[in-house]
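Input: a single structure, listed below in structure tokens.
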């Protein structure tokens, strides 16, 4: 595959350009640490908390799937990492990548980090590319932003990148405008653009949601390749549990801006603990299914009007009086498994009295 | 792209025909007696009939229109009995002066408007934005002829800095030349500045909301590079409005030229209206309207070069 | 929705109560509420109402006749005793003429927009909804009017009809029909592709019924916003026509014509000469600000 | 003038049994539709959106149509209900041939009853409800058109709201005050207002959050059981279509490539495209049985200029020479399992009635084309 061949060239190409200095400490630890991240938006009715005290870690070569429905704060969280939120947004917490806190960076430093240390792939390939520039123009400008390559060399590298993401007849596609490409091809161009300087972290915001399933299958395959062959850490946001199961190593389930359950893929798929995660698994129609799915009642909450206590309480089948009064903590219930639910934690503690407690 | 340009040209032809037809109908059919002004009060019926035949008024309507149209195409507009001159000769002199004033106003108005609009669009919600938005609403509401009179009061009547009217040519020195242009240009382009600033601001602000801007930022592009992308995407509505501005300026020239005694088409129309010299009104209106149609045609073709879809002939 | 009844708790009850508004607000109620909170809009509305009241009540407010002057009291400056706004070149009281002139200006600004809105909406929505040759016929004709600079077309129409308030209103109405028809057509075309129109067609409802019950309410906002924005412009354009002598006949007071008449006196009595223009401006900007506030309250994207 | 024919709950005995000698409620016979597309300044070409599509749906059953974007499934839905005029072919509803919008605009009793009996649930929870109408007005509009008395309109509206799991108070709500799932329930209530026999669901759950999607699917199933509704269920999600439908029709580039009962389709897909579709659908359980075929190569060909012969051949892993030369005929390699592919050649055993090639039930009686 072209991926391995392309890598050394890319490294030499990008090394000198960014004025970020050497990557700091933490190279040996987790690639990315998000600590207590809070993002608040200003709206007509006051401040709205889209990301609510979210913390997690991501290691090199792993894919973290963030699972959530509309309004769960999953996209807002990705944008906060990259600093793409409007100026009026209130942000607190730390996002530590290669030893540097992205939140504390100056806007100029963050511009340098974007596209070099961390890249992003967006949901809708139809709108993610500038419609009035050719694919080549958009790739070359990105390459030259993060390297000292000449125009000709950058064009060559652009071709290489298109080959890497397996676009058929790449020479022709370079000269094309986005509207001349199919959805799947556009998403590959967006991915190629994200790979320009071999980022160590790739953020993917529902990158396959707008694609047909046969195209989705091939794009997911591409992501798997990127993970194994380039060793980057990927945060893959999706609303589709089945897609997450297809690509992620670890999964964090978000509901109303908070992580309600996290764990390895097997933990989540085979041993879900939070009633919401269970509900999502149930609601997902499986191939060949004939029995009725058990639906979660109600609708995802309005962030401007969250219930007191647990945000899932109004839809929860196991709701108790305490759920309405106070917010459960995210308790660790296994080596890599955690859940934010009074009932689930209690049941597990009752079953295994010696189990370690606390987050 | 070429076939598209041709297609656009093809579409302009019926418009041109329609425009001439509307003006012709308005000014040769609606008013009562077209001969009343041309004949002495004691004219006999024979005189009338003779004049009517001379002017072709006894022919059926469509024929009259076609004859008139061919005259117009040849530049034959007839004779103005009030000015005792050929209308085409009158128009020719006035045309140069109006073109001079209108192009200066257009350049000034568009440059100022686009600059203000871009600033406001880039710094949305800032003090600059509020100033531009406020200025735009004033510019939209203020009558240009009132601005002209205010300028006259301040700069001619009170301060005695600028001449109250007339035009100067380049030979008399740039200072002299521009002192005559300053007030007409300023008052005439007020509305253009306001509209252009508004449209530019809206277009830039809208483009900044587009999703690809996120991609550009996510790639790490510097903010000025992002602005370059936004600008190219935002240009289309600005171009459209630029074409329309030329129309405002040409139409508005009637007022501005009258106030500043600028011997252009506008003043010609004004005097012709006062004298009910409808053939002059007709000729001038046709000329301005045709210019407007052609300008918009030019803008449309220019726009195609910014749109890759049209460039590729899709 | 079938929400599991929670296991009591006051917090739960309170939240559930707040979650289900008992009397939801309709679109128009929401727009009215938003408008009542916009300071600019309310001020503009107040100014305009004041203007309407004083110009209607002009005979009660001033002892002078607007058309008869005192030759002895010509060209008094602003602030003269008995003539707060001074007098014009014929010795007529400016305040009186401004008040009476307001009637003409308001009528000349509002009437054409009203007429053009009705006709433009009918033409535009019909062409947007029916499409095909109807749209072709209507919109091509509109394009023809669109190909003129508006002021010039108004001048041409007024010139051919002759001066007078009615002719001026006709001229202005004609020039505003085309742009309103375009807005109406675009809005209609956006609406007719919506799925709820397909749903209405599926019931077998006749076209006129769909147009009235489903389409009109939805194109009302954009058209209303556009038309209200035109009033300010129409007032200025009407004044321009009068300025050129294509409006009311003297001695009827009208701001545009007054401005023209006083043009010659700027060296003698400059600020009185500027007064009528100020009132045109103030009326026009009030309408424009009102229109902006209405647009924001109706939440229509430009 | 008319009273509402109530949605009468069907008797509990298996109605499929009683339907044996009835003709299908809906028969779609070789229906084609082309759309003009401007390709140059003066040139116009035709996109074949639906090409010779045939299927039928029995009373009380569900036929699912599945396919990717551009396969013509939504066009097919609109052709069936008459929102688009049919270029060629016939749609026979309850034994009556209907040919689209012309009938819809006519106001005779036959047309009125037709309109009552065919309704549609739309995809987009935003654009499917008139933002200026209250929920009550939206649901009662069809009844108003059909002249129901005021009182009955009101009663029936609150009854319908209850049926779709909403509260009577919701009648005074406006669409923007409802969640996506609630809007879709209103959408369904409106479709049921005239007690239709056939409800066409065009991507009715695609825009919903996953947790809400199951609610709406359950609601649709409950309503079908209770009132004996017949569904044409259209979606791009193979799992959902399979779950909802008795029979599934797979479409590719405007053509039906495979029609089969949903179980057979899942366990034994025949057409290479169906196999690819199944293999591409992400699954939760890693150990679930999967069809191991490589993901589809290449791009969807332009519908302006579809490939010769079999339209799928440019992306088909099993493409042969013959595929470019001629379009495959529909065969029935297994009972009730129809497929259009050269891998399944026509023999004496696999041949199907050429006129009603893709009907789920073999034609029992000649179709009388009425109207």
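Per-chain residue numbering starts at 1, and chain names A, B, C and D are given in the order in which the chains are listed.
Here is the rule we use: contacts are C-beta pairs under 8 Å (C-beta built on N, C-alpha and C of every residue); 3 or more make two chains touch, one makes a residue touch a chain.
Keep in mind the model is a prediction, meaning the values are calculated, not measured.
J.: In how few steps can one go from chain A to chain B if every step must land on a touching chain?
T.: 1
J.: Give the chain pair, either C-D or A-D, that is connected by more C-beta contacts.
T.: A-D
J.: Can you give the whole-Å distance between the Cα centres of chain A and chain D?
T.: Roughly 35 Å, centre to centre.
J.: Between chain B and chain D, what's the gap in Å when you average each chain's C-alpha atoms?
T.: So the centroids are 56 Å from each other.
J.: Roughly how far is chain A from chain C, centre to centre by C-alpha average, rounded to an integer in Å?
T.: Computed value for the inter-centroid distance: 50 Å.
J.: Taking the mean of the CA coordinates per chain, how far is chain C from chain D in Å?
T.: For chain C versus chain D, the centre distance works out to 49 Å.
J.: What are the residues of chain C that contact at least two other chains?
T.: 1-2 - these are the residues of chain C that touch more than one other chain.
J.: Enumerate the residues of chain A that touch no fewer than two other chains.
T.: Counting only residues that touch two or more other chains, chain A contributes 297, 299, 315.
J.: Residue numbers in chain B touching 2 or more other chains?
T.: Chain B, residues with two or more chain partners: not present.
J.: Applying the document's contact rule, which stretches of chain D touch chain C when the two form their complex?
T.: Of all residues in chain D, those touching chain C are 78, 81-83, 101, 104-105, 107, 111-112, 114-115, 118-120, 122-124, 127-134, 138, 141-142, 145-146, 165-167, 169, 172-174, 177, 179, 181-182, 190-191, 194.
J.: In the complex formed with chain D, which residues of chain A make contact?
T.: For this pair, the touching residues of chain A are 69-70, 168, 182, 184-185, 212-214, 216-218, 220-221, 239-243, 245-246, 269, 276, 279-290, 292-297, 299-300, 315.
J.: Touching chain B in the complex: which residues of chain C?
T.: Contact set of chain C toward chain B: 140-141, 143-145, 147-153, 155-157, 159-162, 232-233, 236, 239-240, 243-246, 256, 259-260, 263, 266-267, 270-271, 273-274, 277-278, 280-281, 284-285, 287-289, 292, 302.
J.: Applying the document's contact rule, which stretches of chain A touch chain B when the two form their complex?
T.: The touching residues are 79, 82, 84, 111-116, 119-120, 122, 124, 127-134, 141-142, 145-146, 177, 179-180, 190, 193-194, 196.
J.: Show which residues of chain D lie in contact with chain A when the two form their complex.
T.: Interface residues on the chain D side: 68-69, 179-182, 209-215, 217-218, 221, 236-240, 242-243, 263, 266-267, 276-286, 288, 295-296, 298-300.
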